[in-house]
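For reference, chains read A, B and C in written order, and residue numbers begin at 1 within each chain.
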């Protein structure tokens, strides 16, 4: 057989799954880091390895897109999905990096709470992303997207509560306020990105229905 | 008659008008809040209601886009316009939320000035957005876009002035600096978004000329 | 001859070169400013002039895009490229503006280091952008893109180092921390934008190969 008739498009789903698996790995690693209460060189390197693996998957998707005539859904949606998913591990990497650079030590129960919600959101998002392969899964994909949305709202409330608490408790330590405000806001950003990915997956689903 | 021949595209204009009306409502509410000098639960809820109404309009536009074969202008421009307009009420909501979370009380004349410019910008933008329905209005649309641009420059100067003043006046209160710096910068961001929307409306107009 | 058969597409390359030349001018000016250790009205005005010139080039590209049936590469890529290149001078302008507004004076060796890397990155990027005219230059374009990527990593490490140093050295001057943290982070953002432009140029090259 001279021509390869296996539809290349299936590779997109493999690569999206690789991306979301990296996001899960990043979320799990964040939970370990904030549960330990300190970031050492090894755990920093591990985080960077996860992020690079995610970057690779994103690049492969863009390459495949440039080479493919037929794609499983809109080229532009594929591009956005690859980019947004990449942002999940990127932003988690930023959080871990800031903890190290700002020399934040000790277990912060608010950060632990954020890490738990982030892990839950990313795992739920994985159900949606992996469900895209098969239109029969559209109900469970839709349910997962709703849940990711709900978790984003939970994250908004958490951010408001921890920021109010931070300004109240640390009013004599502005340096601490500067550090933790950024880290809390980045944590909430991860949930925003998960919501954006869920919206994108939802709209791809609608177009195919 | 079995088929519905009424062009669906007109609905897009209705929805864009709904969005810009929400942005006006948000701007008016911001003015009330900063004029009162405190945010209570009721005014926080009202702000969220306005934002949700805007979100709904944005979602309806995206849904309509997915279902429409013919659109009044480029699909991508419709998508961007819906997203950017949504960001106006979103960012105003963020400002009101931060005033509450950071427990900022008392009337701040700089914030009052920002709120006035924001209202003026959003109302001017509404002329541009509503004028898109009819190519005959292109002169007034273009004039409105120029004015929104001008107001963004006024906002830039105001932000520079109030930030310089903040760092000078509150050099012994870094916590206050952290809070107000963020709120002033978000205020200027609203004017940036209005300018982006005006650019988009302007370029849509040019393509149709 | 009634019709103009000269392909309009060549103008795009002229305008992209104008944009990247503005970015170089901005980077050189930043180096002068941080090397002097103070921003006066004249140098502020000069920076704004450079930024306006860049804005003009960006607007001309968008106008040309709206009027052109044939473009040298994807319309969307042209749009993104014009926007991202514009962001380089914009962000450098923000840095110079903040130095003035926050009244930062004195030579800061970390800022000098950032300005040097930024100039190197923008000059390297210019090789890539100018090389797009001719497919024969694809090797040097690709090399330049790799180098811009490398410089972004150098910038990441520099930012981490200077932020850690800032929090350590200025722990009793939170106001200074607030000011310099923003300026350092904006400096690193310039390198991020250069990397984004390099990616875009790289992917345009791949599509044409």
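Throughout what follows, a residue touches a chain if its C-beta (ideal position, glycine included) is under 8 Å from a C-beta of that chain, and two chains touch if they have at least 3 such contacts.
Quick caveat, the model's predicted, so the values are computed rather than measured.
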Roughly how big is the turn, in degrees to the nearest 5, that lines up chain B with chain C by CA atoms?
120
Same or different residue numbers at the chain A/chain B copy interface, by half rule:
different
Between chain A and chain B, tell me the centre distance in angstrom, where each centre is the average of that chain's C-alpha atoms.
28
Two or more partner chains touched - positions in chain C
174, 178
Residue set of chain C touching chain A in the complex reads 160, 163-164, 167-168, 171, 174, 177-178, 181, 203, 206-207
Show me the residue ranges of chain A that touch chain C in the complex, using the header's touch definition.
62-63, 66, 97, 101-103, 174-175, 178-179
